[in-house]
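Both of the next two complexes hold subunit A, though its partner changes from subunit B to subunit C.
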Partner chain A sequence: MKSITGAALWLVRLAYLAFALFPLFWLIRISLTPDDLLYSEGTTIWPSSLTLANFAYVIEESPFPVFFGNTVIVSLGTAAAVTVLAAGIGYAFSRFEFAGKRTLMVFLVITQLFPLVMVITPLYQLLAPIGLVNTRIGLIVVFTAFNLPFAAFLMHSFYEGIPRELEQAAMIDGCTRFQALIRIILPLMLPGIGATLGFVFTAAWSELLFSLMLITSETKKTFAVGLLSFVGKSGVDWGQMMAAATLALIPPAIFFTFIQKYLVGGLTAGAVKA
Partner chain B sequence: MAEVSLRQVVKRYGGFQAVHDFDLDIAHEEFVVFVGPSGCGKSTTLRMIAGLEDISGGEIQIGDRVVNDLPPRERNISMVFQNYALYPHMTVRQNQGFGLRMAGRPKDEIEKKVNRASGLLGLKDFLSRRPAALSGGQRQRVAMGRAIVRDPDVFLFDEPLSNLDAKLRGQMRTEIKKLHEKVRTTVIYVTHDQVEAMTLADRIVVMRDGRIEQVGTPDEVFHAPASRFVAGFIGSPPMNLIDARTVASDDGVAVSVPGGPTLPLDQSVFDHVGPDRPVTLGLRPESIAPERMAGPMKTPFSFSADITLVEPLGGEALLFLQMGQAEVTARVFRPSTRLVPEKSVPFLTDLAEMHLFDADTGVRLNAKTAHES
Partner chain C sequence: MSVAADTPAATGRSPSRTRRRFAAAEAYAYLAPGIAIVALVMLVPLAVGISFSFQNYVIFRPMSRGWNGVENYLELWTDRTFWLALANTARWTFWSVAFQLGLGLGLALILNRPFPGRAVFQSLVFLPWAVPTFLSGLNWQWLFNPIVSPLPGWLTAVGVLEEPRNILSDPDLALYGPITAMIWWGIPFFAITLLAALRSIPQDLYEAASIDGASPWQSFRHITVPFLMPMITITILLRTVWVANSPDLIFVMTEGGPANSSQTLPNYVFTSAYKSMDFGYASALATVLMAMLVIYSILLLFVRGRLGQ
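Let's look at the complex of A and B:
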């Protein structure tokens, strides 16, 4: 009985893995397929020959390296700004009672309910007079604004997981509230900070809608917008597009490798009796 | 030197008053235990002393300073929390030394003090472990070590043992007592376990619904409970509290248990209690025994009752008997013969250890007690 359940579980896991990884596999497969084989061979699992031509083109001839640079700047900037702000907001929500706290939290949830398309025009009119349209800073500001509510909630829930007694013990041990935050709470918040950074970085990295509307000059485009340039009048250059997309996966992958050790929970284990 | 005094201390949470006019003076090096049922305001009071909770009214003094507006770090106290609250990212050594480090003490002094506390608590072998790698009992010790190391004026404990299993709890109770002998400091200890209160305290503060019900030595609260509530709370098994009525008798006033015996009242103790008054009669299980195995009693009174149930506990036995309409527990030490349920057994109780409470207010009616005389 036990082994049957075990086997079934593994089957489910494998199925899920296949489901999750197949698009990735297909992406890479197409990016490595020579153009002339793409249609002539039809849909096969693996092409009869491979090429790096698509990658070479994307890296050496297309404007993609610039798009990448822009995306890295915007994503890192957004992730940093959101995380710092959310750390403060989450802490305040978790540890302080103040007038209008509930209302404010509900309000933050409500902002998440509106489809973003609705605000594009007003946003444009808001940003244009202060010179933030068509700038990377402008994108960072907008992404920060839109990611902050969720990030603040995420941080809040991580703070809630840290027993209040820890900072109270620290304050009895001679810390000010701020010292307790820096010396006791922050080290324990690393998983939360990692999760928030990761979440916001990924969201900013693949953002398309606002980048498309707010950026017009070629030198400031992000890669998501840039991908659209492979859709030409004469059709879509799938090979190059997939090569660019494959390259675009690398920074988030590196980023997550970097923060993954903080994402693993259990850092507060042993603080209190379970 | 650190006396602690609380003057008319009040705590309000919005419209709810958690602590009412709390008045208490705690002497230097005294071990005071706050005890009471869940929600009676023990932790709240302790946390106000610690400075973790604002005071809604009154005044708290530690040593010769009014600390009402001082933050916790300036009160020179340490606290052991129910869940220990160890810093998970620090080793046992760092946890204990944290307070001294914050105070900017030199490294070798910290080292020395941490070593001393670890020695006292048997933590030497765990100094470089993190809390996650410790058992519950070891974590508890680290929490105490962290409190000791700082040499505070006052130790505050909030149910430090309630997360341990029964055996370990007993062990740690003894250790805390020994520790207080070695590290003489004023201690305020919160528990809802009356055994802890009785064994540890110099003085017990019994609380109920945010008010002090009685302050006294363990002896006083046990032998002269100020109210029916204290009588029922302190002692295990609890005191038998029997609804009864005073009646006039040949030599003054007696207490009549409905359907059961009528016990004469010692007029030198109860001269202010008139007849025909509803009262609660209080008899400790220890002061009731079958006549054939009763120990010496000051003022024995004999009555007959049915034993309905026997719970042998090895060295002692609990008897459940029917005294009129009331079910009463008797506790017999080293029963000389096997006890079984039986009808009309002659029993003795000691009138000198009888307690009487007003039926309505629950206030104690004994003017003086056998214990005091």
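Let's look at the complex of A and C:
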């Protein structure tokens, strides 16, 4: 009886694994398949020979390295800005009682209800006169605002897992609150900071519609916009397209793999207090 | 920041009040930069966007711009695509969130028990969430294409399709393509939040229950479920709103087609603004979507409050 449930459990685990990984496996499989085999061999699980030609083309001859660089700049910029600002908001929510605290928290929750498609055009008109349209900085500003509310709650949840006595002791020893935060609390917050950085980096890396609307010049395009216009061209080359897609996948996948266990840990810490 | 500037003036008050005020000022100093940017980039454009919904505002016709009252909303009432998109939004959100919740809860329960290789397993099954949304869309768009993917053949073999064809070009089935991609992409988020909630349940409750002779099902029903409920409602709320608001997957996979059969409200808003350049009408659509989500959230929180008593 016990071995049957054990086997059934493994079956379920493998089913989850297959569902999660098959699409990604297929992406990589096609990107490594020589063009002619794609049509002659059809959709066999593994092609009879492999090639790196698609990757070579994407890296050496296509504009994707530029798009890749732009997306790295925008995503890292956004992740850094959001994490710093969320560290401030989360700290204030966790350690202070003040007038308007509830209102502000509710305000941040409500921002999650906004259909972001609605703000695209007004935002364009607000950013254009100050020269932030068609710039990477403009994208960073916009993505920072969009990702900040959730990141603030995430950081709040991590702060709740750190005992208040720590900074109180430091303040008794003569630190100001700000010094205590920087020297005592933030080093303990590293898992939370990592989780927030990774979460926001991944989100910024994914963004498509605002980049589509706000970026017009070829040299500032992000990967999402570049890939979509590549797909839209007639006479698609499956191998090259999927090679480009595979490259787009690498940074967020690495980032996320490192932070996912902190994400669970941080939410657990917050849940215990709540 | 004006509060911070006020504090020196408050020194004449009683000490405890001064201290309270100072604490508030300090709190605002930590909050202000972040709140300011959210207000400027989200709140101000939102208000401007709502005002567009009461205007005749098509970029190609600048001369005819002006206030037109509720005309956009009246147009929407008689627009068949709007009603179709509304029904599709409900279908898209319901099926996506229902499957994400069910499969995400299953995954969280699996991950909550130790087994060999669990850490590796966890980082692999969570991987879809790291995949950028547009890429999930493209990836699944390709998977549904019989030229480059075995999936249509498999669906035919198990009897879902009568022949290996692309469901994305079938008006009856097109919406299920983006739904599948959304389920695939969103399971990890539910699993992560529910796993966090599961780990916060005190283990001695289960021990006490098993000493009292409770079956595993009874423990699940009377300990796990009540503890998970707050997290489940808040996650459902967040995901419903995000899924209902998100046009990316549909924009990438079907562009709402064929013939609007997979059109949802956010995608309709985006195409109205981005392609037809009709900002007035797009804003009216978006305002209606937001109003419905606000009502939905209030209802859900109300029900949660009732259940919690």
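As a working rule, the second predicted complex is superposed on the first by the 237 of 274 C-alpha atoms of A that agree within 3 Å, B and C clash if a C-alpha of one lies under 4 Å from a C-alpha of the other, contacts with A are read in each partner's own complex, and residues count from 1 in each chain.
Going forward, a residue touches a chain if its C-beta (ideal position, glycine included) is under 8 Å from a C-beta of that chain, and two chains touch if they have at least 3 such contacts.
Model, not experiment: these values are computed from the prediction.
Q: Is A:4 touching anything from subunit B or subunit C once the two structures are fitted on A? First, second, both or neither.
A: Neither partner.
Q: Does subunit B (first) or subunit C (second) touch A:174, or do both, or does neither?
A: It touches subunit B, and subunit C stays clear.
Q: Check whether A:165 is in contact with subunit B, with subunit C, with both or with neither, and answer first, second, both or neither.
A: After superposition on chain A, A:165 lies in contact with subunit B alone.
Q: Per the contact definition in the header, classify A:130: touching subunit B only (first), subunit C only (second), both, or neither.
A: After superposing on A, A:130 lies clear of both subunit B and subunit C.
Q: Between subunit B (first) and subunit C (second), which does A:13 come into contact with in this model arrangement: first, second, both, or neither?
A: second
Q: Applying the touch criterion given at the start, work out whether A:224 contacts subunit B, subunit C, both or neither, answering first, second, both or neither.
A: In the superposed model, A:224 contacts subunit C only, not subunit B.
Q: Between subunit B and subunit C, whom does A:152 touch in the aligned arrangement: first, second, both, or neither?
A: It touches subunit C, and subunit B stays clear.
Q: Which partner, subunit B or subunit C, touches the larger number of subunit A residues?
A: C
Q: What is the shared patch of subunit A, the residues that subunit B and subunit C both contact?
A: Shared contact residues on subunit A (touching subunit B in one complex, subunit C in the other): 266-268, 270-272.
Q: Write out the stretch or stretches of subunit C touching subunit A in their complex.
A: 23-24, 26-28, 30-31, 33-35, 37-38, 40-46, 48-50, 52, 103, 106-107, 110, 115, 119, 121-136, 138-140, 142-143, 146-150, 153, 184, 187, 192-193, 195-197, 199-200, 231, 238, 241-242, 245, 247-248, 251-252, 265-266, 269-270, 273-274, 279, 282-283, 286-287, 289-290, 293-294, 297
Q: Using the touch rule from the top, collect the residues of subunit A that touch subunit C in their complex.
A: The touching residues are 9, 12-13, 16-17, 19-21, 23-24, 26-27, 30, 38, 43-45, 85-86, 88-89, 91-93, 95-99, 101, 104, 107-108, 110-123, 125-126, 141-142, 144-146, 148-149, 152, 177, 202, 205-206, 208-209, 212-213, 223-224, 227-228, 231, 238, 241-242, 245, 248-249, 252-253, 255-257, 260-261, 263-268, 270-272.
Q: So in the complex, the part of subunit A that touches subunit B is made up of which residues?
A: 163, 165-166, 168-176, 179, 184, 187-188, 266-273
Q: Can you check the complex and tell me which residues of subunit B touch subunit A?
A: 50-52, 71-73, 75, 77-79, 81, 83-89, 98-99, 102-103, 130-134, 136, 139, 146, 150, 163
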